[in-house]
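Look at the two complexes coming up: chain A is in both, with chain B in one and chain C in the other.
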Partner chain A sequence: MARKLKLRIWRGDADNGGLQDVVVDANEGEVVLDVIHRVQATQMGDLAVRWNCKAGKCGSCSMEINGKPRLACMTQVAAYGDDETITVTPLRAFPVIKDLVTDVSFNYKKAMEIPAYEHPTELKPGEARMAQIDVERSQEFRKCIECFLCQDTCHVIRDHEENKKSFAGPRFFIRIAELDMHPLDRLRNRKRTAQEEHGLGMCNITKCCTEVCPEHIRITDNAIIPMKERVVDNKYDPIRWLGSKIRKREGME
Partner chain B sequence: MANLERYKYDVVVIGAGGAGLRAAVEAREAGLKVAIICKSLFGKAHTVMAEGGAAASMGNVNSGDNWMVHFRDTMRGGKFLNHYRMAELHAKESPDRIWELETWGALFDRTKEGKISQRNFGGHEFPRLAHVGDRTGLELIRTMQQKIVALQQKDGRDYGDMESHIKVFAELTITEIIKENGKVAGVYGYWRENGEEVLFEAPAVIIATGGVGKTFKITSNSWEGTGDGHALALKAGANLVDMEFLQFHPTGMVWPPSVRGILVTESVRGEGGILTNNLGERFMFKYIPDVFKDKYADNEAEADRWYIDQDNNRRPPELLPRDEVARAINSEVKAGRGSEHGGVFLDVSKRISAEIIKKRLPSMWHQFYELAGVDITKEAMEVGPTCHYVMGGVEVEPDTAAAVGVPGLFAAGEVAGGMHGSNRLGGNSLSDLLVFGRRAGMGASEYVKKSGANPVSESSIKAAAERIEAPFSRSGGENSYSLHAELQEVTHNLVGIIRTGEELKNAIEKIAGIRKRSANVSVSGGRKFNPGFHLAFDLDNMLLVAESTAKSAIKREESRGGHTRDDFPGMNSKWRQVNHISSFDGNKVNVREQALPAIPKELFDLFDVHELEKYMTTEEIAKGGSK
Partner chain C sequence: METGVFSQSRAAIKERTLRTDRWWLQPAITFGVLFSFVIYATFRAFENKYYFAEPLVSPFYSPCLSSSCIEGSSLLGQPFNNKYFGIGISPSLFILIFPLGFRMTCYYYRKAYYRAFWMSPPACAVAEPHSKYTGETRAPLILQNGHRWFFYAGLVFNVLLSIDAVLAFKNAEGEWGHMSVGTLVLLNNAVLLWLYSLSCHTCRHTLGGRLRHFSKHPVRYKLWSWVSVLNHKHPTFAWISLFGVAFADIYIRAVASGAWTNFYFF
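The block that comes next holds the complex of A and B.
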């Protein structure tokens, strides 16, 4: 049962652009990415959109649908009213390349700034033993599909280009948290560097990132807040402070 | 071309899925300069879609497992058409490859003793798949992506530039492998973002481009699975082996139409899911082939007991190799016993609790709930076959992954052929890409260290540039989107899960027709991120792959694994001795027969002779393994 869907698509590039209205057939059960593809195949052969798996697993088709950061492959057309116009626009926090495609290289630069996992040298391959309950904390964050919707929605950078230099964003706070909670990772002071080098302190826990996460990762509650609390504990606890000075233990955070 | 963007590397890896990344790590660790090129953003490759796990006989759950059992299972699954040496290397090396990932930070699910947990899968005699819920592929990609970053950080410390020795070129399409003096000299392509052209000069190129699923209408593959590496290799003078073998995964989603084909992991069956038809009948008991009768339960009571006691019961037939299950579902639907939307029912809700389902199969729960409105903890899923994997691929030397016939060219992962024979076992893909990704990296590194400079000539650059410009200068009026849709109809209807000689003949003609018209594809819009332009190149690749598949399929007059002929329904031992080799003469694909390499004695003797009798001729059995 095809219906005529009113779609408003942002088209353009870094220099100029605007919204264009189209009417396109939409079938039962279809998602927004399906109708965008139909527009591409029948009306706008050069309409730019990123996508890959079309199953919510790769995080490529991130865009803003009626102003909300979403995956187009996981957004049912039926969720909108029959007469409603669906408006699709590129991610606002990143520079537009063309149409719905943005330059997300910011995220890959930030990824390169997070110190890598350090495996204990004495543990040979196959010798690691970890309890399921201990790996689960990090596994929650490793579910991340890098759609960067959390980065897009985060108000620290959404409308503040100037903050991008000193702020890694929620995606990379969960990366740091994941390594920090990894049962075997050897590198110390991850929480402190999160605070001092990656801008954890700029987050004021409004939980917008958690709300848009398609993997339902509890970014704020399970990663950001625990790290903030520990940073504060260590910084203002006089005994720990003294201990870190006397014993010069790197591990005291 | 004076202002052409140019790079020089020791090794260029095309494809940033599991195989490509593993190859890149190996080449960098051998001291070389490596470029990684991918069509998508970094970390989006199709490997993220692998759900179930990576097969490796670590023996963490059942200590009876070892490489010999894994080798036997792999050969049986492939109906003995596998290249024995690839199957051997794979079975021997996969445990080390999994453990190695752990040293790079991967977090697999654990056993009670804290070891890597392993799950059951179709065709594997023991619980063998290392996994992370049902998102194992994502864990592999992310681990290797982060390993690349770790190597870059080290280069940053050593050389002051993180991208000095390994650099990722994302959203770049390669259109040509350039050869000079009969050897690989580099690759040529364009940035998807702005259409500008790029030349990479490198003595070694590793193809790790994955599969060909987008040639078909119903597929679990993403848009990237357009057979680029298969086509690039053919055009560079390499061979493809056994392209008739396509794996139709038995369980893809069938409803709603927009998600048709999306994968439903085999883990659902591994965790206890059962298949029923519209009569409520658990039909798989009717479809156990003779070769598997001693390993699979023929009644429900025994199948159910297996979940509790695996040593004293045969396994449920839902866990037969994928080709068997896909054909069974196809038959049930054809006989009118299918579900409302043309599939069958897969139900896991009756055997395990809602809590465990959400824990072990979280993305399946999510996928059905969000896309089909089905709660799999309470109701059955509707599933049916979907084009999932190509067993055929570039003919390679097993030990080095070097492409036969083209010095400097290597291939690993799904794009390489031989490893899986006529049918791949679930879980053997993730381990394949680790084992042979590493071997391709080693093979390329050794090659580079021995070979001298081989610069790319101006005439080669000119020819490659002209090819990219062509769709813009044509006014033929053919549209790449509609030609792609036509090709998908042809392959789906005529080269699909069940084939006949007549249909294949028809398909070959139709594919040639589409190919002719594709020369008139013109593109609207400019070069900047223009999907119509991108598809024009993908289409060219898919047409070559489809031609190779159809021409190999019409020759093989038997049914085996991922190739079923309605007009030749049985498996024939004579055909087991034959590989089909595709090559390209500049105009068309030619297919010839080549004898399968003989299995050496020590591997031959791992099998019971009565089992081999089911696959081999009496002369072969009498001869035994080669010395």
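The block that comes next holds the complex of A and C.
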């Protein structure tokens, strides 16, 4: 059964823009991305929107729906009341390009700043062995679909443009945690660089990243806080610091 | 120059949030509850009476370490004077820093008060009212990294408060083998404090989280797995243990002041 849905869509570009009201048909079971496509097909031919899989797996359709960072393809229209107007805007932490499309290149830049996995040189191809329980913990982080909703909602950069240069953001903290927990990665300064170069200390663990993650990765509890504790071992705990100097190794246990 | 969501490059939207749900409710409740607790705890820390009703000691005053402590309430002796520089000091003030510091640096309470008190941010995707933000990178907030020291101190307090709960199996004449409502109140307090401390992120890290190879440390891996289950509920334990402490104190205050009688089951 179709219903008339009231939508408010942000339209514009970097220079100018605002919210525009439209009324559009919505069928039972449809998601917000479906009705946006209908608006595009019937009323606003040049409406810009990014999408790909419509299955919550590509991370392209990130936008803000009634002020909340969400995947449009995973947001049921039925979740909103019959008289409710649904407001859709582009992500508000990144520069807008056109309509619902933002420039998320900040994230790719940050990705490049994280040194990649380093394989032990003494292992020949085919010799690497890892125990399941050693890799399990970081497998959670591999579920990331790079929708960047966590980056968008993180107040450190959302509310402070000037912090972007010194803060990698939650998506990359899970990447750093994944590598620091990796049983074979040779690079052993990830704790120090997390704090000194990637801005881990700027996170105040207010957990908004965890709240919006569509993959339900427990970003704060399982990656950020464990990394903060590892940084403390390394930088702020005199006893462990001394121990690591004597044994001349970091995080080998 | 405007920053944050009002920066030049971002989509021009004048509202600081477009959320339509009651996002302010959670921080408002947190604010109300924490603020009430702070007021009550401050009042009690300075009150310096009604903290002992043989054999019950209020958790706000245990261990009672100063020479003004009521006879029988001091578990660890009385190394401190009751006056310094002519100013009378409540025994509670000698120990308060430990439980206070433990909770202030707790990862969960940090989230709670950064949101509710400092509004940084008040709720997700709601612009915060500050023009600058450096997080926990410099003083004083960099001191949050000292949480583990308060965690260790917290363990010592848990042991002491557990002893208090065991001593509550005495009657007012000091004979063992009795049990009162006060016993249950202190037992409840001790159990909740243990749950709070064991579910702590530092505890999880210390027991196994810091390891890279669980496979080489099967026992620590098991401990880590158990504590991870508790850790999931850390916020809940943080709240109910706070209520547990407040309730134990309220109960003992009522008994010590004579308002209530501590009912003995046997």
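Following the convention adopted for this analysis, the second predicted complex is superposed on the first by the 238 of 253 C-alpha atoms of A that agree within 3 Å, B and C clash if a C-alpha of one lies under 4 Å from a C-alpha of the other, contacts with A are read in each partner's own complex, and residues count from 1 in each chain.
One rule holds in what follows: contacts are C-beta pairs under 8 Å (C-beta built on N, C-alpha and C of every residue); 3 or more make two chains touch, one makes a residue touch a chain.
Bear in mind that the values here come from a model prediction, so they are computed numbers and not experimental data.
Touch criterion met: A:28 reaches chain B, while chain C stays clear of it.
Contact with chain C, but none with chain B, is seen for A:66 once the two complexes are overlaid on the shared chain. When the two complexes are overlaid on their common chain A, residue A:131 makes contact with chain B and with chain C alike.
In the superposition on chain A, A:204 makes contact with chain C only, not with chain B. Within the superposed three-chain model, A:10 lies in touch with chain C and out of touch with chain B [touch as defined at top].
With both structures placed on the common chain, the touch criterion links A:93 to chain C but leaves chain B unconnected.
Counting contacts as defined above, chain A residues 131, 182 meet chain B in one complex and chain C in the other. Interface of chain C with chain A (complex): residues 3-5, 7, 9-13, 17-21, 107, 110-111, 114-115, 120-121, 124-128, 130, 132-137, 141-142, 145-148, 201-202, 204-205, 209-217, 221, 231-232. If you check the complex, the residues on chain A that touch chain B are 13, 27-31, 34, 40-41, 45-60, 74, 76, 97-99, 101, 104, 108, 111-112, 114-117, 119, 123, 125-126, 128-132, 135, 138-139, 142-146, 179, 182, 185. Touching chain C in their complex are the following residues of chain A: 10, 12, 14, 16-19, 64, 66-69, 84, 87, 89-90, 92-96, 102, 131, 133-134, 136-137, 152-153, 155-156, 158-163, 180-183, 199, 201-208, 211-212, 221, 225-226, 228-233, 235-237, 251-253. Put simply, chain B touches chain A in their complex at residues 40-44, 46, 48-49, 58, 95-96, 99-100, 102-105, 107-110, 113-115, 117, 132-133, 135, 138-139, 142, 146-147, 149-150, 152-153, 162, 168, 170, 193, 222-224, 255-259, 262-263, 363, 366-367, 370-372, 479, 481-482, 485, 523-526, 528-533.
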